[in-house]
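Here's a structure for you.
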Amino acid sequence: MRSFIIDCDTAEDDVASIFLLAKNNMKIVGVTVVEGNIDFDQEIINALWALEKANVDAPVFPGSRRPIVKDFTTVEEVHGKYGLGEIHATTSRKPSPKHAAQAIIDASKELEGKLEILAISPLTNLAMAYLLDPSLPKRVKKVWVMGGTAFAHGNITPVAEYNFWVDPDAARIVFKAGFNITMVPWDVVTEYTINDQEWNEILNMKTPLSEIYVKMFSHYRKYDKDVQKLDGHPHPDLITTAVAINQDIVEKSKHEFVIIDNSDSLTRGMTLIDHLDSDKPWSSSPNTEIIYRIKKNILLEMIKKMLS
Amino acid sequence: MRSFIIDCDTAEDDVASIFLLAKNNMKIVGVTVVEGNIDFDQEIINALWALEKANVDAPVFPGSRRPIVKDFTTVEEVHGKYGLGEIHATTSRKPSPKHAAQAIIDASKELEGKLEILAISPLTNLAMAYLLDPSLPKRVKKVWVMGGTAFAHGNITPVAEYNFWVDPDAARIVFKAGFNITMVPWDVVTEYTINDQEWNEILNMKTPLSEIYVKMFSHYRKYDKDVQKLDGHPHPDLITTAVAINQDIVEKSKHEFVIIDNSDSLTRGMTLIDHLDSDKPWSSSPNTEIIYRIKKNILLEMIKKMLS
Amino acid sequence: MRSFIIDCDTAEDDVASIFLLAKNNMKIVGVTVVEGNIDFDQEIINALWALEKANVDAPVFPGSRRPIVKDFTTVEEVHGKYGLGEIHATTSRKPSPKHAAQAIIDASKELEGKLEILAISPLTNLAMAYLLDPSLPKRVKKVWVMGGTAFAHGNITPVAEYNFWVDPDAARIVFKAGFNITMVPWDVVTEYTINDQEWNEILNMKTPLSEIYVKMFSHYRKYDKDVQKLDGHPHPDLITTAVAINQDIVEKSKHEFVIIDNSDSLTRGMTLIDHLDSDKPWSSSPNTEIIYRIKKNILLEMIKKMLS
Amino acid sequence: MRSFIIDCDTAEDDVASIFLLAKNNMKIVGVTVVEGNIDFDQEIINALWALEKANVDAPVFPGSRRPIVKDFTTVEEVHGKYGLGEIHATTSRKPSPKHAAQAIIDASKELEGKLEILAISPLTNLAMAYLLDPSLPKRVKKVWVMGGTAFAHGNITPVAEYNFWVDPDAARIVFKAGFNITMVPWDVVTEYTINDQEWNEILNMKTPLSEIYVKMFSHYRKYDKDVQKLDGHPHPDLITTAVAINQDIVEKSKHEFVIIDNSDSLTRGMTLIDHLDSDKPWSSSPNTEIIYRIKKNILLEMIKKMLS
């Protein structure tokens, strides 16, 4: 049984990822929470609520409430005030007192060589874990990162994706640390939006989870159509989770060198990819598998199976 | 008759662009030369030589020998020592004593509202002309720019294209000045390389110009295959010239806001495009027509007609 | 007879510098005007007005109205709306049609090896002249620069002085161009303010020029006391002019390497001095004489003689 | 009895600071070690060795081996290969397994409101402790920082001091975190070097500690005379410790806003001080007491008493 830590800033797509892992018999070792989409304490509640909904008994470890160096902004306008569209989650479950960074280090020792980290949020917790214990990458089997761009088409800025923009210093640290990384970029997932026809199919499923899905994603769907000018909502976190669960979904990927811009200027959070595998001064040997294309049919199957 | 100033750093593709303009009955008002591909004085000789070959009696105006603020490197490894592959051009013609920036200003007054500038090199001359006379943009009908990227896939660095990288400050100035710009990005032209079959067709043409073409592009072709990992050589300048001459060649273009990164860090020279037309702090209303796709058949026809 | 071009953004201290040069039998070849303190057109009028007041028949050449790359702000709050405190200068004289940059180049050819430039404003004009004609530094005898800081105590920002902050790219270019530069820093001139007693002595002179002086400097004096927290107003431009006229005024100076920060971040316009003459990567051999101390008695004598 | 944690990169002046604290009946709660002057493991040994020499039974907590984001260089050329001039320290004592950041957090809870931190090295450990527990500043009574500059006269670069240059991101975090900071800048301590006469007095003391002092500082003294162009060696850490122990030594200090430049350019690690207490965009209310002048006689007394 594969073992995962999900590091998230628990909005609707993070919650869907927790459901997808749970429904595919993956062991959720724990959920570590990091600054990002919405109010930090609500992110913790959402994580506890999601595990409860998925009947998973796993701890939630609060992590960093802010990026390592820079300031950031939450994005309730994207996900709704409580991060789950129309849903305001509450729960009686309590988070663990252990810091997320320490939890990641401890899990990596207990599950040496087996731990997989689903990093579907700003990378502050993972960077802090590495800074506290630089031997961490050797013990972590795989890091599945939702973040960055493949073609410099961003969302929070025209050229940067939100997770990398929130804490570009953390992203710079993580991509230089020697982790075994697969990255699913924003401007790839936007090619696989849930269009109106597919949205209606889900609307008509009328299952407990499909109803939660519709309530969670309605707000996000409207934002993506109006502001991101898409024909539906994309599933950045869910696609990353699907790729982690079932590599058959991957149609095209390339191993390339990635480094994140951590300046304070216009390019903050940009993903710089050496597609030439060149000998340029700031480049190095490939450090990331970048997903460029997936098979949408497999994605839809996995979503429908999850919601059924 | 349309009137052009060609601002170039005269290597093989610049020369081909001069030929293409001449062969399509466009009036070449002058050629302004700027720092870039190779030794500056050889760039001037190549420009004079090209006009001579094309039987065009137009002045060559030497311009800036260096970027406005930063240092740069020439790229003889790409174009051959003298910029024209196997050809070492010489000529008895002499350049004008007038500075390129002043020549552009003067031409814009003589041809008010009609002058078109084919900017197929670093933008230092055009930026200097604008800085000397901020009313310039109102008098220039159109600026056709070969430069930048659409998807952050560069050449001189993995993320920046050479012309914008050489003088990113000039590019920042030109794109903010209010010119009517069409931009042909590097990672679009690399989709339209001259493959082996098309190269062989040209090899077999055996015309004076086709022989010059083969001698000029052999070195460049080898570099693009080996280093840029392309299946042949692209025609960045020639495609920009073709687009300027005949808009039918354009299959897809979008009006978007473009700003060039002029920092000294990894992102130097990157093209930042607001594909979202967003209200982000550093964005503004669209200032550039970006060419995303062209019709290769029309390009090949124009090349063959030019060489025949 | 020594020959000067005064490059200025004509506020009260620029005007005082014109008077000081004129009163010390220095030939004013011309005044070149650049973006800076106040509205550009009023700067031109002030320059013409000052030459008229000083009975000097010299041309005024309008130059750059904006920095080479960056945006900037005028500082009427420091100098009064029209730059001369209570005075709103008007004149019937007209400026020359020649661009300041070209005027500097032409004067450097006519006065090869003799031309001295009093650069008491942002360095855009001088940078443009150099960019148009890189051989300029060899022909210019001396550039007296009012600008920068010796101890990173600025005015427009806590760490940068106004002239270098307005166009840090121009300052970067000028200090790398090979000119023979003496620099008078802001946080040195603030050690030599006109205190209340000295101000009252001038008040009681009751000469035509002393009355102009009081009207011009009253607004500036108030700002420097309130905002800059000084015990009176400093004479950045006038001290630079005094140093140019009479090196006896210099008590301590050092030849050091200077480079100006031209980033867009907090450090924009900072003066970086290699006081260690070190072999650090970004350092080089000394390129500037920096004035660290002057004799205040000589300054006061020169001011009183000028106003008498 | 006042309680201190000494956060250091244990070279000769760090060791002297340990001796000074011990000899002034300050409780050394622990020594936390951070990347900096020399090889990290030797820094740990030096710390254990110093405590042993000073007969202090306190734990040594290894912390971060590298800056949070950037790369850095050790400076054996300044301190000698093993950091203590001619001395190659060895010890049988062992460091604690607890990470320095956690040790700081734990000590701040045990000694709430009483813990003082002597931060005489790069600020990575303190920044990590704060990032792990943002409530830390409220529990820490005082942070005495050796670092930065008052007049932009640096050492590792002409404009930046070593501690802030090594980890400017950590310095940026610490100075924004709300700690109660007193900062002793490099270009202030260089005004109080041990000149030849004072060095000879120490030479002639012939006590166990004075002999250790001479062996430790001989290499450092030579470097400071040759490269830093000083008339003897300064005591950056020891002066900071003396200021912490006895505020009578302070002749002039000011409360000002300080922020550290954490860019990757020439200004990396520069100390930006708002000496104007201005309303500038990047400024804020004073967050640091900066020491500008000390009484050298008190310093010499404290050193001689320590060595006697």
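Letters A, B, C and D mark the chains in the order given here, with residues in each chain numbered from 1 onward.
Heads up, the rule we're going with is that a residue touches a chain if its C-beta (ideal position, glycine included) is under 8 Å from a C-beta of that chain, and two chains touch if they have at least 3 such contacts.
Predicted model, so just to flag it, every value in this text is computed and none were measured.
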One copy, subunit B, sits on the other, subunit C, after a C-alpha rotation whose size in degrees, in steps of 5, is 180
Check the residue numbers that subunit C and subunit D use where they touch, and answer same if over half are used by both copies, otherwise different. same
Between subunit C and subunit D, the Cα-mean centres are separated in Å by 41
Once you find the CA centre of subunit B and the CA centre of subunit D, what distance in Å lies between them? 55
Residues of subunit C that touch at least two other chains are 263-265
Listed in rising order, the residues of subunit A that touch subunit C in the complex are 264-265
Of all residues in subunit D, which touch subunit A in the complex? 64-66, 68-69, 99, 101, 128, 131-132, 134, 169, 172-173, 262-264
Inside the complex, what are the residues of subunit D that reach subunit C? 149-153, 155, 157-159, 227-229, 257, 259, 261, 263, 265-267, 270, 272-276, 278, 280, 282-283
